[in-house]
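In the two complexes that follow, chain A is the common piece, with chain B as its partner first and chain C second.
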Partner chain A sequence: MIRHFPRPRFVRLTAVLAVGALTVAACSSNGDPSSDSSSDSGSTAPATSPTNTPANTPTTLTEVPVANPTSDLAALCPTTAPTEAVTLDLWHAMPVELGEALTALTASYNSSQDLVTINPVFQGSYDDTLDKYLTALRGGTRPGLIQLEETATQLAIDADSFVPMQACVDSADYSFEDYIERTVTAFTVSDTLWPMPFNISNPILYANAGMLAAAGVTALPTTLEEIRTAAQKVVETGTAPAGITLISSAWNIEQMFGLADEPFADGGNGRVERASELLIENALGLEIFTWMQDMVNDGLATFVGSGDNNEHLIALAVGQAAMTVSTTAALRSVKIGAATFGVEVTVGPMPSAGPRAGGALVGGGALWLDNSTSDAERAGAWDFLTWLTAPEQMAFWHASTGYIPIRRSAIDLPEIAELWVTEPEFKVAYDQLVEGRETNATSGPVVGNHSQVRSRALVPAIEKLLIEGLDPASALAEATTEANRIIADYTRRLGN
Partner chain B sequence: MSGPVGQPPTSKPGVQAGRTRPRHRLLSLGLLAPSVIVLTLFVAYPFGRTIWLGFYETDPFGGNRRFVGGSQFAGTLTSDEFTSSLWVTFRFTLLTVPTGLILGLVLAVLAHQRLRGMAIYRTIFSSTVATSVAVASLMFLAVLSPSVGVVNQMIRWLGGQPIYFLQSTTWALIALAAVTVWQNLGIVFIVTSAGLQSLPEDLYESARLDGAGPIRRFFSITVPLLSPTLLFGFVVLTITSFQTFGQVDLLTQGGPLRSTNLIVYSIFDTAFRSFDQGRAAAQAVVLFVILALLSFVQFQAAKRRVFYGR
Partner chain C sequence: MAVDTVRAHVVSNRSSGRRRTAGRVLNYALLTGAAALVLLPIYMTLVFSLQPGAEALRFPQSLLPTSVDLSVFARVFEVSGLWRYLLNSAVVAVAITIGQVVTSIMAAYVFAEIPFRGRNLVFGGFMATLIVPTEVTLIANYDTIVSLGWLDSYRGLTVPFLATAFGTFLLRQAFMGIPRDLRDAANLDGYGHLGYLWTVAIPLARPSIAALSVFSFLLAWNQYLWPLLITNSDSNRTVQIGLRSLASANVTDFNLIFAGTVIASLPIFALLILFQKHLIRGLTSGAVKG
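Our next item is the complex of A and B:
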């Protein structure tokens, strides 16, 4: 039974210590055994208490997990060099060009050694991939490795069917020194690293450079207020029918909470204890929702739905709007599309609601190791995962997709150095990621059935706000009630 | 239809039947076995299992069943989501079935002329049968796109504001209905064309002699004689409209604000997105009962109005 590991090995710091955060984090990442004795409790207020308000919630800093070769976990993942030939299926959700880049990587790995064969299998969207895996859990053939979206983290932990990556980290005494810490902490829950981070993205602002210039906007807007001013200029000068296109993306809302360093859910964003409710009915939530509604009502923004069909990006490419916000993973495609229409696209950091106190969340996917694997397969998988996230491979992956290279030294490699000179747009998401402070708020929410919370609570609330004109406070209240019901229902069924 | 026709009985039927019954029975059982096995495996067993699943609540991974009695069935009937999905599905049926039937029939009548090149038109009209839902949906996605779609380009030329067909609670269901009607056109066209071929020419001739015009001939001869075919089309279209899934999944995912959350999509969402199999099974059973009742009513009502032959 792998469910929750009592692992009181890491110092958990409260906001009081925030000032010294980076130095402390650096020290304890040496694997200092003295940190093992630190208590797990007492560092956070009981987050589930009803009187708890977001403003009073101490911000807990998450740390990169440190290898502990003597832990009980280490036995789960023997990471000695592979000695027998193994083949592992890798289920992934990377379509077209992204899938081709991944396949090129696995092919390169397979030919680099004789013992481990990684067999990539495209399974559709992230949701489809998860569906198929959960179905396979009830008696089908499970893959050795599977790529899951960050929203699947709590669900995958609860599925009790994965070997936590922490086991391999411990047994290999692996160091994450060269990794961008935040990509590792994002997948660390209760001090255990669960999957290996792989394809990491965050949202950025895409803008039509020509239109902004024509409207007299000289600098790319970085806050919601500046977006509004820029949109006003675009619409008043008649440069485009709309300043910006908005989509009903819950991810964007979560990102704005991360940028403001406010947790999205209780329990330290679900990272210290299981989250039971969302913390969005507050001044920040109200500010974001009011801004969105006013933008649409004042004719400055067009609401184009879910964005699943890339309507917001198409609108940008054909000049129906001057700006939009979308994932950095779309950068390559947007550049190609915009060039077709003769539009010059420029990109900037994700706009924030106020001062950027926190940082952009770590979005994207990670690779999970199934626990139906044999010891030899686990050793093979670990060998592959460390190879895959090595700087050379990350440089290739970044240049061919737009996903962020998660290794610091990758950016010194010629592949990236040259790319960033010729196409500096690719640097924006990386900068935005490394600039962010490392807290539970900026590591992003870990919530049971997160994707349902998004699609059944947050998206409908945004739609009511922008289509039906429901007032922002009521929309937030409805979203919270529905989300809490979904989380409670999920948690209750876990106990079945 | 099984007995030999036109042969005199060689002995008393009763005696013969009594003597050969065991052998006949064995033979018929043997002949029936394949279909019995297939039906049991793929219809009866899943159906029984679905009903059984409806009485259990699972954990979010489909395991650890807990008996919850009829509460999930009751919950289905009282849930806003299920009833709103049913309502959306009824509206969708109203939008697609009559339109599809009428358009298909009109095209079939138009193509039922002996003119040169008619085969080309027939091929075009029936071609949507060979188009998959995915292709049709992606085609409409391109046609209806607010930024680059043909329809909105025309609206802009005429000086109007672009319509966000798939993003609006008013238009999304109509857009889905349009895809569906287009998709169904081929099958309705083929079925009604086949029906038209079998109509006796002499009736039209005598009607013409009596001075009946083309419209009179259409309503007084074509429609009544075609009524079995139209009933068939009506029932098939109703059933397919209740089973619509692909268009919803590809174009709207049930949104915005559940305005296109057709019943089968809603059940899929419950089963595979919320991972709540028990509740989804209960919904499926309730849907089955509703559809069975609906089909019964449909056939009862149609019985009196359908003309099965002279």
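Our next item is the complex of A and C:
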């Protein structure tokens, strides 16, 4: 509303339509054997998928994929040092300051060696980028590398147009020892790592420290119950019109399932078998939905819609509410905004519904390697990706954006060590990520057409819950029915 | 004006004159109110672009810029290669506008003046394409452009939009509104189809052609999805895609997108002001000559 962009609604609508229409096209035009293999196993791994782990049976614990140099996949990605000059387009969805940081990184890489040139191309939002890629599968120009949101994982695997990163990992005998395991497992499906994790985030609690103090709240709330108590104090003392702003974010709901160590979808969150339905019609789902509705009905929370234009963060900055939950990627922006308005913002971990049995999910984006690339290009891409996720680059990326450094040793570098002393807020998301347990539930759901499950099933249900006052049980039931229909529809279109 | 003068001659007593003044005041008040309503968002965009980004969040919002910070206009060009995008948009929009006007004039003339078997059927088919949304033809157009090898080129950006059913319809109506006598007179003077079209029909249909030009240019200039789909390199991208990359999450950078929007809408305003004269002149000259 305040920050406007020409025709956002139209753009979003057409994006949704296009994804819907293109999904069929992308998936049906690639009737390769590897998509057939998913019909008998029910999983999405290609027939050539390596079996690294001794026990292939569904387990709760997810493990970081181990390099297997002798696997069949390894041949797909020769990772010897690049020998010929190659140029790879990198399609991304990072606007303004995020884009500037990414471009600084690629420029630095390009000048660090002579053979590989990475050419970053901004493609609009994540949805725009995915749409454009799916359209390009019809014979258009494809990039060497593309940044996709974590919700695109299943769709991208099914598109059958990417070289699994596992191939390069196997061929290079690469070790993820220094990586935060969870960022790697999040993009691992059926023991195969698909993209290279890159810009990783999770949601955190943002609070106006001055307001909480004025309302007599001494410790940052960490559970929904504590948020309610804090919000009550804020509203009763008249410190702010609302305790917290809520948005219709399906991501936040998924996160609370991860924190409770409960899977969001069946098939081990879609990581062991293809997911066919959501598992949200339960006590936890009901607790979250009831809490949201009660907060709004009791005047403790303000519902501000999708939050796509940062309405919730703006409400925090201008003092309309004392708290909100949003991605860590917004931290730098929020800090700048808070400084501008003379507000002291403090941040804490994502609040959980009950005890924190699990962990925050890995959100954000990862880089996928297109399979139209030549061997030399794949080698070049691998060289770039390992450079990009090296501790030095991760430290720069973290400090300039707020995305989480995915390398453990990055936090010992002066750039981060100093940042965390002067601005300890940046540490919260990292701590929250490494604290989490490694299970299918905390790796997050992998669902076909995830982005539509969010936008067409969960978001409308939350809106009905908070605007029309639909009772929590019915809202959950509606969300589940619609989501399952979308997933079934998607799976049917795949033809298996 | 003309109507007012006539009425002034007919009605000359003072009380009705006063009533007329009151009516006029009311008219102007209503029109001013409506104009303010329409112009407010445009005006606020300008205000937001002039002041530091975070000021956009001040509540209540001041109607005047609290402080002026023009450096943002330089930063817009730094963050995205807007010059190149503006040039591309200009080339594409001008090409599409010329193409649409030329093809519409020719098609409309045929539908209006040259009877042939099945004309109504063909015209009906033309009109039917109006109900097909762009999204439906998007993929088919994309496939065509791919097979022609026109991705990431001016050709790909312009050729799919060179003909328009709407423009054909608009100009057909304009041509049909020209009195039959003029056609006959032109025939007597020895004009054929082209002569009549050039010397009589086009000048008389000028208001409609001007309207179509403005409309075509506006649509071409504001395209987003198609240019995003088929262009990859910065050297072929249009201004609306450039604007998208200015949508920052930093409050201090909020003025970027507003400044970008102001810059991107300047050509549109220039065009409207330029064509406004044409539109009015066309209308009045038509009225006087009858």
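Keep this in mind: the second predicted complex is superposed on the first by the 436 of 496 C-alpha atoms of A that agree within 3 Å, B and C clash if a C-alpha of one lies under 4 Å from a C-alpha of the other, contacts with A are read in each partner's own complex, and residues count from 1 in each chain.
Definition applied: a residue touches a chain if its C-beta (ideal position, glycine included) is under 8 Å from a C-beta of that chain, and two chains touch if they have at least 3 such contacts.
Bear in mind that the values here come from a model prediction, so they are computed numbers and not experimental data.
Of the two partner chains placed by superposition, A:Q147 touches none, neither chain B nor chain C. Once the two complexes are overlaid on the shared chain, A:L494 sits against chain B while remaining clear of chain C.
Judged by the touch definition given at the top, the superposed model places A:G99 against chain C, while chain B stays out of reach.
Look at A:G337: by the touch rule set out above, it reaches chain C but stays clear of chain B. In the overlay built on the shared chain, the residue A:L137 is in contact with chain B alone; chain C does not reach it.
Once the two complexes are laid over each other on the shared chain, residue contacts for A:S443 go to neither chain B nor chain C.
Look at A:I314: by the touch rule set out above, it reaches both chain B and chain C.
When the shared chain is aligned, chain B comes close enough to touch A:D127, but chain C does not. Residue contacts after overlaying the shared chain place A:F303 against chain B, while chain C stays out of touching range. Of the residues of chain A, those at positions 131, 135, 138, 314, 318 touch chain B in one of the two structures and chain C in the other. Those residues of chain C whose C-beta lies close enough to touch chain A in the complex are 45, 54, 56-59, 79, 135, 138-139, 142-143, 146-147, 151-152, 222, 224-225, 228-230, 232-234, 240-241, 243-254, 256-257, 261.
Of all residues in chain A, only 2-7, 11, 14, 17-18, 21-22, 25, 89, 95-97, 99-100, 121-125, 128, 131-132, 135, 138-141, 143, 310, 314, 317-318, 330, 332-333, 336-337, 340-341 touch chain C in the complex they form.
Against chain A, in their complex, chain B makes its touches with residues 57-66, 141, 145-148, 164, 166-169, 251, 253, 255-258, 272-276. Here chain A touches chain B in the complex through residues 127, 131, 134-135, 137-138, 155, 158-159, 248, 303-306, 308-309, 311, 314-315, 318, 320, 448-449, 451-452, 455-456, 459-460, 463-464, 467-468, 490, 493-496, going by the rule given at the top.
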